[in-house]
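Next up is a structure, given as structure tokens.
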Amino acid sequence: MQWVDALVQGILLGGMYAQYALGMALMFGVMRIVNVSHGDLVILLSLIGISLASSFGLGPFAVMAALVPLALAFGWILQRAVLNRVVGEDPLPSLIATFGLSLALQNLMLQIWSANSRSLPGGGLESRSIEIGGIYIGLLPVIVLLVAAGLTLGLDLMLKRMRFGRALRAASADVEAAAMTGVNPKSVYAMATAIAVGILGFAAVFQSLRSTVAPADGGAQLIYAFEAVIIGGMGSVWGAFAGSMVLGVAQAVGFRIDPGFGVLSGHIVFLLVLALRPQGLFGRA
Amino acid sequence: MTEVLSTHGLVAGYGDFQALYDVDVEVHEGEAVALIGANGAGKSTFLRAVMGLLPVAPDMVHFDGAPVGGTPTDRMVQKGVAIVPEGRRLFTGMSVSDNLRVAIDQSSRFERKGCWTLSRLYQLFPILEEKARTPVESLSGGQQQMVSIGRALLCQPRLLLCDEISLGLAPRVVREIYAALPEVRAQGTSVVLVEQDVGLAKSASDRLYCMLEGRVTLSGRSEEITREQIGEAYFGGGHAVG
Amino acid sequence: MTSISTSADAVAAPPAIRVRRQTVSGVIALSLFVLVIVALSTMPWWAKTGTIRMVLELCCYIVAAQMWNMLAGYAGLVSVGQQAFIGVTGYAVFVLAQTFGINPFLAIPLALVVPALVAVPCYLLLHRLDGPYFAIGTWVVAEVFRLVASNLGWVNAGAGMSLAVMREYSGFERNVAMSVLCALMILVSIGGSYLFLSSRYGLALIAMRDNPVAASSQGINVGRLRFMIYVAAAVGCGFAGAVYFMAQLRINPPSAFDPMWSNVAIFIVMIGGIGTIEGVLIGALIYFVADRFFGEYGASYFVVLGVMTVLVALYARTGIWGMISKYWDAPWFPIRRHLLVERKDRA
């Protein structure tokens, strides 16, 4: 029973990770860029959300309604002001630029919000749960997982069916050929990053409802997103989603073995996948 | 006849390497112009420079009488220049119809309207309709070339640049593809053909330019130029092209 | 001197071609380098303990930065997880000296085997990751080491270890050891990098950086060279870690595997000028001075460092040394070869 519980809790945890991983998979797929400040942006948005909630007495979903557009704007500005200048064959400039941004953001947050952990009051939502066959399932984690699945589905449909999605897939296949077909790569990139960071608007609310956030937490979120993408296999948003579930289960099972072993067992699964199936569990060879 | 495209003293290159020296080329409305020359003569570089894929000064390239040198590639497409690039450069992982739709998506937003539609294109290359849902990487070379041409046509070009569209294809397929050209020109679209096959280039064009080591060494009406002249311009010596 | 003459003694006396690498600035820099090494190793006789500690810290930064520079600036391997090797070697010294009772000064060279051994499987796993993903992968590895150290009983888990055996040595003896180690670290990392870069392999590496296709067609095994550099950089960082934590006398998982090491190395190299040894030295000095003056401002100081790193990546990718050498071609560590054609018209 204990292990079934770990499995269920792991999948629910995976819903959280999927919300970080989707944006990273999208950005890498389109631009071959990894935004090192990905996790710090989650934390920044969370802290802004917490401050909004306490200053204006907003509920969690009102905060979300404010954060998602803000996150979209952040992403768009990030691409226009920084990433469009460093995107290219050489991975170094984009890594260094976002690395510097991560350092600056982390310390800026430290100054504004101090090093304390905070969380978003959920009005009782965070503590509600249902019991199914002896396993307690939290309502909030279920919502998180459903939203993650919804975001994945939405992203997948957008990529397959919409005009912008086609332009995006074209640009990720061959950016020069896309430009020769009339696609403006810089605006496609700006939209892609806006969406990637926009999803973090959802993630920020859920992260700060589920647990606490502190300015130094961003690095861990970046690593989880990265591991989920690699475990799942690059190339599809569903891969990132499935990879998040695997990571969540690995961490939850590890945590049951020994509380100090939770995060580590996620890393170990990641390294095992890298050793045995480098294209990812669900990726094509 | 009015000029659609003209270059004036066009110089371009890659980093320290200069590939074009003072190239002057004109293309008139409705005209087909061939660009021939050996490998490395600068033909593809010329097309890339026109398309805004290489840095050039604004005055070096004129389109519709306005200086456009160095304009971003997507803006050139918007202005009415489309290219069938060397190596086809299709969007892998996407179906034939999705490849074509990318062009339709973009050109439907242009102010300038054109006459090419998906159904019209399928009339021109019926096989593409049959393969519409097939991923482009599983098509044959000739079919891929048709997708690449189709993608360029759906950008509704007034000037179509074709970079070695016969390369690596069977003669029968090449004939099939070249048979589509009159239909394209019938819409008033001007065409620039970069070709290795001199005979093909001569017969499909009104005028031709021959390039050698980044310079234009010969130009004139295709029917008036002899094989001996081309041979000389092609290699810079007294060889004939057989 | 170092110029190689290939002038043919043929009767017709064709123009003699000399290959010159050394320059005036290079000779001056080389002399200064020797002086610095001597000065470092004689520190106990002219500097206070506090100064020696400061210099030691600076030396560790220079080594970590130069190793990152070799990886990112030459081998095209961007790592943000070199702290893995810094921490692992630090721990190795403590375990060897404290747990097994080996002389701590002997423990340092012995401990350097550890990062070399650890780097091999790390590279074999990580090199499967593409460009930017490789960087994040190195960070995961460092996190794995930190978490393992935090859970491992025989390195005292999260509480960390102390190097109590150092009490057996007098303050002066320790100062001598630290000074000699500083000199050795700089000699090996800077001198070694220079020798390597001017060797056949180094030139191949520079060719590879500037044009990978051309280099691989020259018959140079790019993959193996990258692997060698990764292992060498692990050992170099390990050396810095061993010395640093020996001077600290204490080690615990968060300090041993602190991402701050990567932050500092990246800042130093990017500000100073990536792909040059000169840049590392300039960047390290700037960082060191800035840290002394502005370190007390804590978070806002790091905000400025972060913003500067972004600006360098956007607008000045060659860093300070890149800007200097554009106007003033006087390398301290000349690697490029100049062909001098001399016309000797014999009467």
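Here the chain labels run A, B and C in written order, and each chain numbers its own residues starting at 1.
The definition used in the following text is that a residue touches a chain if its C-beta (ideal position, glycine included) is under 8 Å from a C-beta of that chain, and two chains touch if they have at least 3 such contacts.
Quantities reported herein were computed from a predicted structural model and do not represent experimental measurements.
J.: Looking at contacts between chains, which pair has the highest count of C-beta pairs?
T.: Answer by contact count: the chains A-C.
J.: Could you work out which chain's C-alpha centre is the most distant one from the centre of subunit A?
T.: Farthest chain from subunit A, going by C-alpha centroids: B.
J.: Let me have the rounded angstrom distance from the C-alpha centre of subunit B over to the C-alpha centre of subunit C, please.
T.: 51
J.: Express in whole angstrom the distance between the two chain centres, defined as the mean CA positions of subunit A and subunit B.
T.: For subunit A versus subunit B, the centre distance works out to 43 Å.
J.: Using mean CA coordinates as chain centres, what's the subunit A-subunit C distance in Å?
T.: Inter-chain centre distance comes to 34 Å.
J.: Help me check something: in the complex, which residues belonging to subunit A touch subunit B?
T.: 163, 166-167, 169-170, 173-174, 176-185
J.: Can you name the residues of subunit C that touch subunit A in the complex?
T.: Subunit C residues touching subunit A: 72, 76, 78, 80, 125-126, 128-133, 135-137, 139-140, 143-144, 147-148, 150-151, 259, 263, 266, 270, 274, 298-303, 305-314, 317.
J.: Within their complex, state which residues of subunit B touch subunit A.
T.: Result: residues 51, 53, 72-75, 77-78, 82-83, 85, 89-94, 98-99, 101-103, 105-107, 110, 151-152, 155 of subunit B touch subunit A.
J.: Hey, which residues of subunit A end up touching subunit C in the complex?
T.: Per the stated touch rule, the residues are 28, 32-34, 36, 82, 85-86, 91-97, 99-108, 110-111, 219, 222-223, 226-227, 230, 258, 260-261, 263-264, 267-268, 270-271, 274-275, 278.
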